[in-house]
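Read from first to last, the chains carry the letters A, B, C, D, E and F; within each, the first residue is number 1.
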């Protein structure tokens, strides 16, 4: 059975701030630049979820796209869209909301739900601006 | 002398919240939906500034693009990028930072500086997400 | 009161065929080329609806974006998305579904609903492929 | 000799319908949703063909881009563009034209022709809408 | 009869240099910055040609898209694509190839051919990079 | 420690010509087509640099994006932007500036600087037009 990689894009708009609580504003600015601005800033994030799986020979799908979209919306988009990534998101509690940490946390949230569907989470890609993005493949 | 319209795009990433101070959170949510979320959210904004002018026959420019870009950066981008549109921006003080109000305020900031250069501000376009944008031509 | 132009993008995927019933396949091919292929073909259309209006000074909106989006979905997207533009769409009955006719018909459907909201439909833009689009301003 | 991956994008616009002949319309709708609409619908597809190969040290190419483009046009685009994927395409006969099956069938058509040129087909990516795409690497 | 605006996009890749022959390299650099680099540089240009016309009630077109595309290719693209805008293009002879002058010259080349087809050239838009473009409406 | 892949996009606009000095213009045209035009042509290139690394658990970054951007600007963009790839670029001397050779040369320039920062260069992607790009992973 051929294996394909299905990617679904979803979008969310959030506020965040990059900083370490134990550092001063000046120290945070040295590490995080403008991204440590105390009154927050925000982005239109694009999330690409890639799932690997056998193509079901009868149906012709790796996974039902609607099912995949619903899972991403329930477990991720509803929790981050029009929210503050530092203050409002249970699965980011205690983490600095860099695109790296965001990608890893989204992987950890989604992987078990994809597995339940008989497929395998392959990649999380989070695009923060048109000039930078992070990819995570679950590598430790 | 032929007249052309020169457009420069600049980008900024900001946090904001849409709400009226005199209304309750419930009332604000009825009007502004998710955009009134109290802990802020944010966007990657795209700003398109269009200037109308005669093409200088010797130089071949409507306006020097570098000059235009510098004016936009000095008077707009430096004040809104990686900032909170409700709290940090002098020219938005007391205004609800909708894309409409943002476009009008940017027009008011830029128009005199474009005029000084012998050209005419023609349009401000602000794109908030890939699905919605506002255009303002200075019409009252 | 400043007037702004608010644009909302919605998308739909449809099948269509360009042909005149009274002409032969050869004649239709001479006029419409590949687009007259008898077994249909299709596109991902992008619809941009632009509404002109005063910015409500209290709220800061030309029109509520959610309301506008709902109107477009109810009167247009639900009727054309994942449909056949020749066979399934009441407001296209008896019309050749060129991008021109599609834009005009969408204008005619939406204009009264936008008017009811106290604003004015300004432009319908329909993008058929990345290389061609039609704009209609209600001009006769 | 360094190995590079050359990708060529080509586009096509097609009609299709997702359904299993032995199922009722209601059953097909449960599996394929709107995509099983009996009167067809369609998309602007983007096809990305990635070829892996040594860079010819004299010429500086992995493969001549024009040659690659011609092969894709002859064996794929000419057969699917402005066509019905269910009815018109020999290499899709008897297959449900999901993006998965489309990607696999395109791989099977192109792989031998790429091989004849001394290179290796590495990936087929088919983008159906801006929100979903399939990648296939020939994995079984 | 409704009037619509039909836009066709074509692309070309060219080299150019912005400079005035009677000025020194230093003086040119002061006016044109990097764009006056003596050994040339280049761009992927996007050209958008917008034609205004009545929609033919029998055919449903403003103008046949294929005809429009062929005119643009014959009179513009074939002369500028993979060429040097300073050295190779008859209709730019003696002009500094700024995006402004390029837009005006393309207007002058295309307008009579569009008129012969019974339509009206409405706008030339030339996009030089993702951050800047010129629009020309034939205004003097 | 989780490993992520960080990608930074930078852009440059350059002139180039594809040809072998020892061949005639006719022979070069047979191999390189329009790209061998003697008076040069040019492109807006997009460069995507992907770096693989552990996410620093305190800071939350694979690598500081600003640092990465500065390295790309210093060692690549400043040397190729608004330049002639055949005549002006030290690291391309003696090479035919195909997208393949450009990608490999950029890899060779950047790899040691990324290593000094404790990370690993994973991929260079150079997009020449919207229809073709090269990826290089340092494979020999």
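The working rule: a residue touches a chain if its C-beta (ideal position, glycine included) is under 8 Å from a C-beta of that chain, and two chains touch if they have at least 3 such contacts.
Keep in mind it's a predicted model, so treat the numbers as computed, not measured.
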Set of chains adjacent to chain C and to chain F: D, E
Chain B to chain D, fewest steps along touching chains: 2
Same-site or different-site touching of chain A by its copy chain D, using the half cut: different
Inter-copy rotation, chain A to chain F, in degrees (Cα atoms; steps of 5): 120
Euclidean distance of C-alpha centroids - chain C vs chain D, Å: 29
Two or more partner chains touched - positions in chain B: 130
All touching chain pairs, where touch follows the definition stated at the start: A-B, A-D, A-F, B-C, B-E, C-D, C-E, D-F, E-F
List of chain C residues in touch with chain D within their complex: 11, 13-16, 34-35, 37, 39-44, 81-84, 87-88, 129-130
Sites on chain E touched by chain C in the complex: 1-10, 50, 55, 58-62, 64-66
Chain C-facing residues of chain B, complex: 18, 20, 31, 33, 95-98, 100-101, 103-104, 130-140
